[in-house]
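My questions all concern the structure below.
By letter and in written order, the chains are A, B, C, D, E and F; residue numbering begins at 1 in each of them.
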């Protein structure tokens, strides 16, 4: 019997046998503005409600900004959750080496992007005994490692480290504009346990946000495109009869 | 409660919770001729009317040309606004190093494109205590930094500097012809707080200018494509019933 | 008379003269989430039922995870099969050299990716006298050999080795998102004896999983697109009248 | 009040507030055979009729050939115009360095392609005190400067020089076959004051030549696609009711 | 009067003035699984029936495998034909140099890929005084010569050698998935005397195998797409009334 | 008054003011098998009938093969024309340097591809005082000059030489499969005086060969797509009422 971790998205769990696989690494991907941050927040808020501490690692915004982002979308009381140590935010600013010797040194790149990054994540996860983790986003890693080969190595090593950590994790990725890819480099989707793609597409003569479970290991999952809405209390899949 | 800065585009503010987030960095992007300059001008003119000084940095045209551009579109009295120190124009001609040693030296490139550029911007912003800033356009940076990696570093550093400056800013970008991208390099959209895309598309059997809010952090924003028109008093979203 | 090895997919064998050619190397390919692992598992489970031992080599997941994957899909008693030595799982973690001298040394790359990989496979195959073999997936090889030429050499050598081993084999490949290719590198399909492509496409106004036999040497095979379903007892082609 | 220079295209001036901005640099672009030379000739002939001397710089054909081109299209008396010093043709054959040291030397490339080219243009412009200038085409510069960066620098420098010269100028560009771009390199359109795109497209069940003003600084311009015809007396926009 | 060599495809000869030009080099190309081997086999079987000996050179499969392929498709008695020296199979395993000095040495590459390959072919052709020759496929040459220029040189030299040999020849090529090309490198089609493209496409509401004569020198050939079927006695064009 | 040279294609001259411009360089381009050789032959046969000697330079086939090609298409008496010195064929086999020092030496490349090639052409042209010239095809030059820049230089130099020779010339080019380009390199079309594109497309529910005049300097030409047929007496445009 596989243990499941509820997603916090209203209506999604019943389509994926009850939630994410416990300890799995899950990619939530989509173009700019398709609702990835809203998805991640729902996942951690759900955890907090169930007394499962969560960590939100952001590589693109400062802590106060991501908190403001979430509060603009949902009428949740994040403050009290943080006070109860059920949610922690961490901004890991990308280190961008400008010294050519470093840019080209695979060992140093791995140290900066993977070992240091990972050990910061591990530390905060352990500090509150987190059961849920979000890394929003991995695009920064794909963007600031020059060499395609090193980028693949770095992503694989990071994900292997996270698997060993054993915390149910969401990574966010970015679908580049004007493409049908699943991530900037087209690689990360191979290493993760599941891929959920967020889109914005016409459904029954209207434009709707949609989510599709493209892959989910250890799970008999829905293969349909599901429209969803962002309500003040969280994300909600719209059932079509 | 997030403080908002009105956009100056008639009908847009109510679709984005009142305006841009105060201090945010916003990308207005579109192909050649879709109305980016008109949008930027509306933003600064709105500020001037509210006694919020603004700076218009142009990297593609001289001050007198951009002023003439705006006066060709709108019947505004820019002269009196400038006299009241509510609007300043600054032409920052792109420096294009032709010495190979410089072209390849990431430190020098960053100094030229980011530190010098930024410190010029900071100086003029402070000189009139500007609350609003336009940099039209960032394409020049994407175009004259040879190396993809350096370009990414430069854009990230510039935007981080601007965030620290704390002035509500519009950057303009360019959608390359024949693509669905959001910028020349496909990167700047990750670093900014919001992306507004201007297009020219068929709406109800006619060609119309349109604008779409593709992303806006800290904001519950419209996800629709909005036709708009350029009137003599400014940009105006057309409501469709 | 060509000897055949049943596929374990309900309804497929009669479309390909009774099954895979004995000792052939077969590529099962599709995008993320199209059912490749389900296909491979069906093939080995079919073997176990017929007393033909099988080996499942996985390069992307640990043994326990792939077993859990299969058990989430099918209500099979894998445990008793493993106990009877009719099924063995082997996780071959990709070795990713980070030393540049190795990355560039074709001899060492071939040793790591082909000779070592192959000899591990050969050992486990012989240990249970396996008649069926799955390598899921070959994408890892395409991904971690830097040089296009080396990658082609490595794939050809690996497949030649497998042909000599004489075990009926399924390799899985990956159709990159947003393309109509048959594999990441567009090369492996030339070396194998058959290609079966899994897709997810509209059939009679519904989205369905489908499979198409794109090529099968020594076989007068169906050339149609066949919808199939994943039932608790295995994959099943849906006949359309 | 912005001074305007009539275009010489019957029906175009009223769509762009009276003509090109005086002293502006304008790109007329389109695929092979869409009417760029006809447009340029109309612009200079219009000037001659108004006693505004014009220079036609050609980089692809000899003087006598371009004159013959124009005379094949229009029944104009070019000879008497030339005699009155109201029109001068200049063939600037592209210099293509075949010495590798020169090909790679940005200083020398700029000297050959920009300083020498420009000083030849300046000399002939001043010799007849020209008010209108055509450079047909800039494609040769995009084609014979090897390095992308150098090409961008060269185009920007050339256009800046032309702006300082103060003569109202048309540059022609080429839309590469099978693309929706505006020029071979996708760059020149950023530096110019206006872009007019010529196409050949179906209009009301017939194929027609069309022109679209894609951008015009300092101008409230039409945003529609206008069919036009080539008559013996010049280009003429067809009004659609 | 041009001498013709019948193709062995039922219904094709009358569409191409009686068959291939004697001594010509003909490309039969298509995606994986479109019937190239069936076409080649028909050509040689036809020869054998007319007492014209033929050679089948295979670069992708061993002799016994290609024979089994053919016997799976057609109920022909290949054994007796081989015994009469009317058909010979030759497997030329691709040599893939892994020594960098060789990979980069155009002389050695040409020796391995062209002179050695050709002299092996010539020897077997002469041994049975063959009148018909098949090389299935040339893709291996396109795949294992690293450098684009060398690949072009090698293909041209090989085809020139074959032309001098004077045997009517079919080369097979591969249309890469997801493209409309005629071969992997887009080059071989220029050097051959004819190109026949095999496809799988919808004809009158059904999917059908089709063949199109894209080019045939010295021949007034059909320009239509012809559906064909694979019957037990050989390929047969389906006439549409 | 511009002197014209009839094309030999029945119905084409009246659409282009009487024929090609005397002494012009004309590109006839299309995919494999669209009728380029038939067009060229018609042009030279027309000349022979009018006592204007012509030269057919072929870079892809031997003289006897190209003659056989033409005789397969048309019932013309080429023999008597050749005897009267009104038509000469010349096969210029491409020289493909395999010595790396030569491949990289622009001076030597130009000597081989342009000066030697041109002087051979000039010699044969002068030997019969040819008024018409065909070079079929230029693709070989685009294919065997490694470097893009050198290729552009070579094509421009060759065409400039031909212009000075003063003979009305047809060059053939190749539209690469799966593209809408006008030539392999997308460059030659800029240097020639006219471009005629041959295609194979659906016209009124049937597939037809078509020709389109994409550009013709010094000519008021048709801008329509004209279906044509290959009859035994030559090419003939089909008039659509």
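The rule we apply is simple: a contact is a pair of C-beta atoms (placed from the backbone, for glycine too) under 8 Å apart; a residue touches a chain by one contact, two chains touch by 3 or more.
Predicted model, so just to flag it, every value in this text is computed and none were measured.
Chains that count as touching both subunit D and subunit F, per the definition above, do not exist in this structure. With contact taken as defined at the outset, there is no chain that touches subunit A as well as subunit B.
Ranking every chain by how far its Cα centroid lies from the centroid of subunit C, the top place goes to D. Annotation: the subunit E:subunit F pair of sequence copies touches via predominantly different residues, less than half of the used numbers being shared.
Note: the chain lying farthest from subunit F is A, by mean C-alpha position.
Rounded to whole angstrom, the centroid-to-centroid distance between subunit A and subunit C, based on C-alpha atoms, equals 30 Å.
The distance from the centre of subunit B to the centre of subunit F, each centre being the mean of the chain's C-alpha atoms, comes to 51 Å. Averaged C-alpha coordinates put the centre of subunit B at 59 Å from the centre of subunit E. Those residues of subunit B in touch with two or more other chains do not exist in this structure. Chain contacts in this assembly form a single closed ring in which each chain touches exactly two others. Following neighbours round the ring, subunit B first and subunit D right after, the list reads B, D, F, E, C, A.
Against subunit F, the residues of subunit D that register as touching in their complex are 31-33, 37, 60-61, 65, 68-69, 71-73, 94, 96, 98, 100, 103, 139-140, 143-144, 146, 174, 176-178, 200, 207, 209, 230. Residues 2, 17, 21, 106-107, 110, 149, 152-153, 156-157, 179-182, 186-187, 189-191, 193, 195, 213-220, 223-224 of subunit D are the ones that touch subunit B when the two sit in their complex.
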